[in-house]
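Look for chain A in each of the two complexes below; its partner is chain B in the first and chain C in the second.
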Partner chain A sequence: MNKFHLLQFHALLQREILEHRNMFIMAPAILAGLILLFSVWAMTRMGQDTVSISIEYMALLFDGLSPLEMAPMFMIPAIPFIGIFYFCAIIYLMNSLYQDRQELSILFWQSMPVSNLNTVLSKLVTIGMVAPLFYIATMFALYVIALFWLAILGWSYDIEVAGLGYMFLAAVVSLIFVYLSIVTTALWLLPTIGWVVLFSAFAKRTPILWAIGVFILVGFLEEFIFGTQFLGNFVQSRSTPTQYLILDFQDVVERLINYDMLFGIMVGSILLAGAVYMRRFID
Partner chain B sequence: MSNIVEARALTKTYGSLKALDGINLTIPTGAISGLIGPNGAGKTTALKALIGLCDVEGELNVAGMDPRAARHKLMEDVCFIADVGILPKWFKVSQLIDYVAGVHPKFDRIKTGEYLSTTDIPANKRIKELSKGMVTQLHLALVMAIDVKLLVLDEPTLGLDIIYRKEFYDRLLNDYYDGDRTIVISTHQVEEIEALLTHLNFINNGEIVLSAMMTDLADIYTEVVVDPEQIAQADALNPIHIRELLGKKSYTFESVPKAQLQPLGEIYTPSVADLFVAKMKDSRHE
Partner chain C sequence: MKNIILKNRYTLLVTVLTVYIVVLVIEGFITGRQAQVLDFENPFFDLNIKDLEGLRERRA
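Presenting the complex of A and B:
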């Protein structure tokens, strides 16, 4: 891959972000704004005593903990962001190779010297690695505002807020965990992603119905013909939420290097190759 | 002169419909070649095949490559404009230019800027906010700044008013075409491009029904306003088309020597539009 190919891939990623700025930039920003508004509203409803007790309780909770130990607790406020991100990711993947066919802009995209493989890869990298960064950046801004606010409250109520620096470090570590969780989840769910993208490239309309409908049909046929439930079990084995969380750097290695992960990546890659093939001709 | 496009026995079917029925198409390098046909004749399918967007059977070579195997590589040497609706509507003009500059190795941003500076297109507007004419101007500005061997235009001025249509083709001829580049234009509005063309191809029902150099048309086709007493002799020469013209009958002949036609009445070289009508009706009767 030479310098031009890197620049070209960068342009493809930029295009994805611009096209889906509402999902990747506006959605987390609005959520952060709502959380801030709610927090301000809640603070105005509390008395000074309640605020003081809350700050002291938090200080007690974190007392003696290292940033690495605090980090999992800082992941709790990330839950709504992760939820919104996954919701947007499903919509994004469903439309990834469908929407441009619908609105005929595919004729423009295909008139550029960009391979279908790079197009599909750019969409995967966008959703698995780039888009989460915007969510992480928004959460980081939210955490900084929250810690700044905590410092001001402590100062105004004359409470010593110890360990703010540690809390900041814990927030940063927690965001790294959130990012790693999303990236490993993307790899873990590559078969699902591949399946969705395949139908996004194939369906003439409503790709979500195709993706779900064909899956149910194939599962039913498997059970009817072979009497097995491999497909159902395969999906079920990948649907426990705790599988996706990284709460320690050690978890990353364990999640990435194991037979199930490699098998999933292989299945997902085959499905994605199918999507690239389907993308070759637009009629 | 070498050929930039060579297609042999191209066939494409959609169910029972034959969109392309074994067509042969040769386009020399440096030509401005028209692919003219009525709606549904197979023009768009043929052009999509040329740029690898349509899976066809047959032999196909465009700029030394098989578009089916190397579309993205081919698109470094080929540009394509379909009708006006295909630019992504959510892009701002400046973002679109950035994108093309990012992905196309032969794009010259300065040239696009120069071209756009002669239009009313603002860089900060989204495509969806531009008029149809502006979108076409913008697309042409992008394409004219890409140094390619072949430009494929599929009904590029569809839905535009006469001013934009005329300006589009003026720009194309004066600012883009240099004699080395090849342009293929498909349209069903024959009169609009007649003066531009060096080569002419008529397509109907998925078949090429005429393929000739513009300079050869006068030698091959003759229109005769036949004197009433010569009607029987004219009928005997197998005209490809007969039409009523101010109370007289006008016959179009193909490959009949002019000396043989001279005694029948006044002879003319048919316009491309008249020839188009003649060949379309002729091909329906075959």
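Presenting the complex of A and C:
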């Protein structure tokens, strides 16, 4: 891959972010704003004593503790962000290869020196690696604001707030875990992503109905032809969040390099290859 | 062969899905992945679609 191809791929990623900035930038920013607003409202409802005791308790709780060990605790405040991200990811993937056919902008993009493979790969890299960075950056900004706010409140109440520094470090380490978890999820669920992208490239309308309908149909056909339920079982075996959550750096290798992960990537690649070839057919 | 597969979007879709399901089934057989039907366990009742006879007997 030479410099031209790298620049081309970078431009494709930029295009994806610009076209979907509402999902990747605005959605987490609005969520962070709502969380901040709710926190301010909740603080004003609490008494001054309760606030000062809460800050003192937090500072004492984290003081001197290893941020690596306490980081998993901060996966909990990340749940709303992860939930919104997954919701946006489904919408994005469903429309990724469908929308440009609807708008006929596919004709413009296919006139450019960009292969269908690069287009599909750019969408995968966007959702698996680039878009989560915006969510992580938003969470980081939220944590920084929260830290300053708590520190200022702590100083105004004359409380020892050194422990808040450890709390902030734990929150920052948790962001790395969140990012790694999202990347692992994208790889673990590659068969699902491949399925959605395939029908996004295939359907003339309502790709979501095609994706769900054909999944049910294929499940029935498998039962009818082979007398097995391996498709249903395969999906079931990959739907437990503990399989792709990373709560420790040691989990990374274990999660990424194992038979089920590699088999999932292989099977997902079949569907993605189908999506790449499907781009030939323009309505 | 390539011309047949790439004849139109439907032939391509059927081919991709066929390859996908065949790979899944072969892998399932080789690794002995347990094929499960809808088996919904909960404290209130048992539901196993494959064991309809058993369900009928329990209801009788």
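By our rule, the second predicted complex is superposed on the first by the 278 of 283 C-alpha atoms of A that agree within 3 Å, B and C clash if a C-alpha of one lies under 4 Å from a C-alpha of the other, contacts with A are read in each partner's own complex, and residues count from 1 in each chain.
We adopt the following convention: contacts are C-beta pairs under 8 Å (C-beta built on N, C-alpha and C of every residue); 3 or more make two chains touch, one makes a residue touch a chain.
Every value quoted in this text rests on a predicted model; they were computed, and no experiment measured them.
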Contacts of A:Asp251 with chain B and chain C, given as first, second, both or neither: neither
Partner chain(s) touched by A:Phe202 [first = chain B, second = chain C, both, neither]: second
First (chain B), second (chain C), both or neither touched by A:Phe234: second
Partner chain in contact with A:Phe263 - chain B first, chain C second, else both or neither: second
Touched partner set for A:Phe226, first chain B, second chain C, both or neither: second
Partner chain in contact with A:Val214 - chain B first, chain C second, else both or neither: second
Which superposed partner A:Glu56 touches (first chain B, second chain C, both, neither): neither
First (chain B), second (chain C), both or neither touched by A:Tyr277: second
Residues of chain A contacting chain B in one complex and chain C in the other: 280-281
In the complex with chain C, residue positions of chain A that touch it: 198, 202, 214, 218, 221-222, 226, 228-234, 236-237, 263, 266-267, 270-271, 273-274, 277-278, 280-281
Contact footprint of chain A on chain C as seen in their complex: 6, 8-9, 12-13, 15-17, 19-21, 23-25, 27-29, 33-37
Touch list for chain B against partner chain A, complex: 14, 45, 48, 51-55, 68, 71-76, 79-82, 85-91, 95, 98-105
Chain A residues touching chain B - in the complex, by the definition given at the top: 4, 7-8, 10-12, 14-15, 18-19, 100, 103-116, 118, 280-283
